[in-house]
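By letter and in written order, the chains are A, B, C and D; residue numbering begins at 1 in each of them.
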Amino acid sequence: MTSTLPPPAAPTDTPAPPTAARRPRPRLGVGTWIAAALLGLVLLVAVIGPLIAPHDPTGVVGLPSRPPSGEHWGGTDSTGMDVFSRTLAGTRIDVAIAVFSTLLATALGIVVGLAVGMNESRRGPVGMAARGLSRLLDLLQAIPVVIIGLVVVSFFGTSTVTMILAIAVILMPIQARLTRTEVLRVRGDAYLDAARQAGQHELRVIVKHVLPNSVRPALLNVSVILGISIVLTAALGFLGVGLPPPTPEWGSMIAHGAGDAAVGKWWSAGFPAAALCITVASASVLTHRFTVNRVG
Amino acid sequence: MRLLRQRPAADPVGDRGLVQITGESLEKTFVVNRARHRAVAAVDVTIGSDRTIGVIGESGSGKSTLARMLSGLEQPDGGTLDYNGVPLGHHLASQTGRRDFRRAVQLVSQDVSSSFDPLRTLRDAVRTPAMVLCGLESAAADQRVDEVLETLQVSPAMADRRPHEVSGGGQRQRFAIARALVVRPRVLLCDEVVSALDVSVQGAVLNMLKDYVEQNRAGLFFVSHGIPATAFLVDELIVMQDGEIVERGSTDEIVDRPQHEYTRFLVAAARRSGRIEVVAS
Amino acid sequence: MTPAVPTAAPDAASLLAAVRRQRWWALRVLVLPIHILVFALIAFFLVRLIPGDPARAIAGPDATPETYEAVRAQLGLDGSIWTQLGHYVSGLVRFDPGTSITNGRPVFDELMARLPGTVELAVVSFVILVLASLLLSLVVVLAPRSLDARIVSGYSQAAGAVPDFVVGVIGILLFYATLQVVPAPNGRTRPGLQEPDPITHFPLLDSVLAGRFAVTSSILSHYLLPIVVLVVSLAPLLLKQLLGALGPAAEDRATLFRIATGTPRRKVVVSIYRRALPPTIAVFGTIFGTLLGGTVIIEQLFGLGGLGTYAVTAVAGLDFTALQGTLVLVAAISMIVFLLSDVTTMLLDPRRRPGVRGSGS
Amino acid sequence: MTEHPVPGPRPAQRLGTPTGPLLEVRGLTVGYPTPDGESVAVRDAALSIGVGEQVAFVGESGSGKTSLAMAVAGFLGGSARVTAELLAFDGVPLDRNPHAGVPRRTPGMAVVFQDAMTSLDPVWSVGSQLTTVVRSATRCSRREATERAREWLVRVGLTDTRRVLRSRPYELSGGMRQRAMLALALAGTPKLLIADEPTSALDASLSRTVMELLRELATETGTSLLIVSHDIRLCQEFSDAMVVMYHGAIVDAGPSAELERTATHPYTRGLLRCVPDLGARHAHRLPTLDTVDTGVGAELVRTSVA
């Protein structure tokens, strides 16, 4: 009789099915810390930038087109304004527009995505409206944001607040579509039926179960939106329809500096371009690490 | 808040009278690949707190859709569906009617992986029906949850985990059953509740269902594709194929003298692979 | 939608069946004009919402009401907004978006003079972009742990981080100002070179058709940097999307099963791509839109004077008709590309056709 | 005949092979790295499968049966670690440490997975997939390949070959998909067919049909079968030999027909008695691992039910 045989020791946890890839969780590397530090620095400069700028960022303070020196760390541009001071001061404007337009676009997008996703397959006018809105979100996706930006910004006028509104409206469809896709996935899950069976009102089911389970992609996408928003602000400034000069704004600074760059004077475009790239890249690196860590 | 004010009076022993759901010529059609697919066609069925009925049939035979319609989660496209003689639609239209019905009739569905909100604890899921449907306060609801979990042989400590932190479909399925039993329904609808479980766990879950039904004199509507487990639980059997009922009768009748081809195949297969053995009661 | 009409002739029946089979793409083509029209209406109202009164701007602040009204009438801005809408829509249907408010020239002609240059640059860049991304992704699929693959994935992570105009400025600084390997960023040809008479209005194509190869090579050398800039700044976007889809497709059960049944390696890779491409192609439309937007900016930077310059001038001059026309045109192009990418997607993966459900037993 | 794996080297188990062993495994262990050390899915497994033999791995979820089969097939995910004293197929030793990237096939081995819906390539027609397999196996002309593809479909019971060849997997019913999958797996004329839970996505009647078909075709073509299943009763009926796994170890092995009698491990015996049968309808309670008399204390039961 083998009843004395001890049962084999149980493994500590149930192994995952072998075909479902099991990746080791990547550790936060040096790159992540650098990115976080850089982004922190950008945010700090956004708050105190204009205070620590060595020169008046909106005035002519020296001879035009001087290379970087002890007096002008970033040199001067073709009108004689201090590039370094303008780059510092521009941080506040570009980052403020980006942060607020991203928050607004995400909030709006989540609400629209939820409304569309939950009602799309309904019969009757509500369903039709939801399907129409869904189509419209798809269509807007096809049109270049820069072109829509050109028109919408000119409609809203060019002040920081109106730029925020305009960019939020332009970027909202991206977040709405992401949320909608997720809602469509969650909508069939059995726990929603269970919540309905527990006697909860449909609206409560949506707020308590659908919303928390479908916002993740949109939230993870926030830094992408942030990047697009910064680039879009700068691109509009670059095209000359953004904030009017002499407001220190990276895009318009790069546009003005482009002519200098063609004759080898790199600094007037170089400093704002570097600031722009550092901001967008560090945000994007952070998202990437964050996403991989969560999914892995 | 409106939800709070309209709580039904606390303690829920409630009316133990007969509860009955009658469906007549029920129909349900889905559109698949632009073609209309009749999931359920002209089905007459009456379930109630006084009977235990099993439904067997292959996948796609419409048995799950039937259970969902009887639970009020899916609307039939045709036919009538009455709850205690009143159209179910009327009941579901008002908040009190909806709660009355949900307290009396609960469905446990087959989906083991998505039957709990991944972001919330299992306790939250099991407690919600006790609070909303029975009007229990938070502490009383927790106590009720613990009681139910105990009868289902689940450690209450496990309830404070999230669904993915509980390993094994068996445990999760017990919580799904607890969520339905916590309101002490008069009729329990089960849709393939053990098919995804390991054999060693199936028996325990089936025993618990049988205990509940016997101890509370509740009704059962048990949907499954396996004959032996279904026969253990119910007095009457319905056999479905392509959305229609092809055979119905008492369990013994059907097991001993299957008429329809499909039923005969199933019974023969069960006989061939199984040993006939009765465990002393 | 199509009523099942019982037909006497078998020919008609088979024709009907054929139509039904092709309905998935035919419907999309049919609704395209409607979509463009919807967008045209949006553009109309959007433009009307722009604060500012072009008539007042042209007539001047001291103009008498009579002069002002005359200017308004001349600009086509008299009458109610609905009359204007009527004019606008009836014009659009005849492919006539009206005449420019600021210079009086037909918007259609102006757009047609500028559009081909922009489209040419965008299309050439797009083709190179797609080919480059596909080739780079192959490296990752075949040897995911190699150094090359890591470099490619790292590059794809740069998606959106370095805007095209920044790449453009760096490119000009590096390759024109410093290394002097590309011509000056101001124009499409060497100054003084006579461009051939327009045949198709696409500058590069025209120079080839006219046999003016000196012009062709000049245009090519002027296009080189803009194209490289567009491809380098947009490739990460496409690569990221592509790699994101290829990874799961390579690990998919379907891939394993094809390998397990003994399918040749080449076919397995093709199969992985065919399953992974649809979601990528679905974003081709968006990426082409981004590319078109990028082209508009790059044209400004390199002095190529295409659609971008026109739109910017129109915004600055409150030129309603020009703006409307530009918007509708860009939308139409984007939607056609969007439609093409959708249809390609549905060709590759029939489950994506409307009304077909992948699952369901 | 049956032998429990005990630590230390020992000969491979022979499962009554008609001719020589096709697959030989000794001391095979599969581990997955986790944040707190390695989690062992299969420990020290030993078995051999002869030519034409039909063997079933049974056990419950997490018992390691799928890990073992996939380690043999070489389809484990990237992070798994496989060590073996001996792992030889058709006389050739195999290296099963998974390399990154698209895995390669072991010649002579075919694998079918649980769900035909996700296994079949959704974007290609069944015909295209099938002729590709036939052509790579026999290097024949396109026309000839189509003809053989047709023959294979008929053999698995899909007689409407014109329609099936043209169809994409999602256009077929569940049963037809399962049959098409078998045709694809066998068309490459493998020596060993590994079937990972071929019936668990199917209902009771279809399960039997598929198992019958699988056994019939394997017998006909002389292919050895390795079936992974949780359905102990079904395997008893449709396999020559069974290997029972429990918590990563092989606890019982032997001819299927005699398993009831020869099973020595309490888990196997408990499991065999837990399966409900038609007699259950007269029972008051179903037997569970706790209640059946397996000859051991409750310790085993607690760990297995969790």
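Rule of thumb we're sticking to: a contact is a pair of C-beta atoms (placed from the backbone, for glycine too) under 8 Å apart; a residue touches a chain by one contact, two chains touch by 3 or more.
This one's a predicted model, so the numbers in the text were calculated from it and none came from an experiment.
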*Just tell me the minimum hop count from subunit B to subunit D, counting one hop per pair of touching chains.*
1
*Between A-C and A-B, the pair with more C-beta contacts*: A-C
_Report the chain ID whose CA centroid sits closest to the centroid of the full protein CA set._
A
*Could you grab the centroid distance between subunit B and subunit C? Build each centroid from C-alpha atoms only and quote it in angstrom.*
54
*Would you mind pulling out the distance in Å between where the CA atoms of subunit A average out and where those of subunit D do?*
48
*Cα centroid separation between subunit A and subunit C, in whole Å?*
23
_Give me the residue numbers in subunit B that touch at least two other chains, ranges are fine._
33, 59-60, 167-168
*Touching two or more other chains, which residues of subunit C qualify?*
251, 253, 256, 356-357, 360-361
*Using the touch rule from the top of the page, what residues of subunit D touch 2 or more other chains?*
61-62, 75, 77, 113, 174
*Which of the residues in subunit D come into contact with subunit B in the complex?*
60-62, 171, 174, 202-206, 208, 230-234, 236-237, 270-271, 274-291, 304-306
*Contacting residues of subunit C [partner subunit D, same complex]*: 141-145, 250-265, 267-269, 271-272, 274-275, 348-351, 356-361
_Help me check something: in the complex, which residues belonging to subunit A touch subunit C?_
19, 21, 135-136, 139, 141-147, 150-152, 154-155, 157, 224, 227-228, 231, 234-235, 238-241, 251, 254-255, 257-258, 261-264, 266, 269-270, 273, 276-277, 280-281, 284-285, 288
*Residues of subunit A touching subunit B in the complex*: 13-14, 189-191, 193-201, 204, 209, 212-213
*subunit D-facing residues of subunit B, complex*: 33, 58-60, 167-171, 198-204, 206-207, 210, 225-229, 231-232, 251-252, 255, 262, 265-267, 269-279, 281
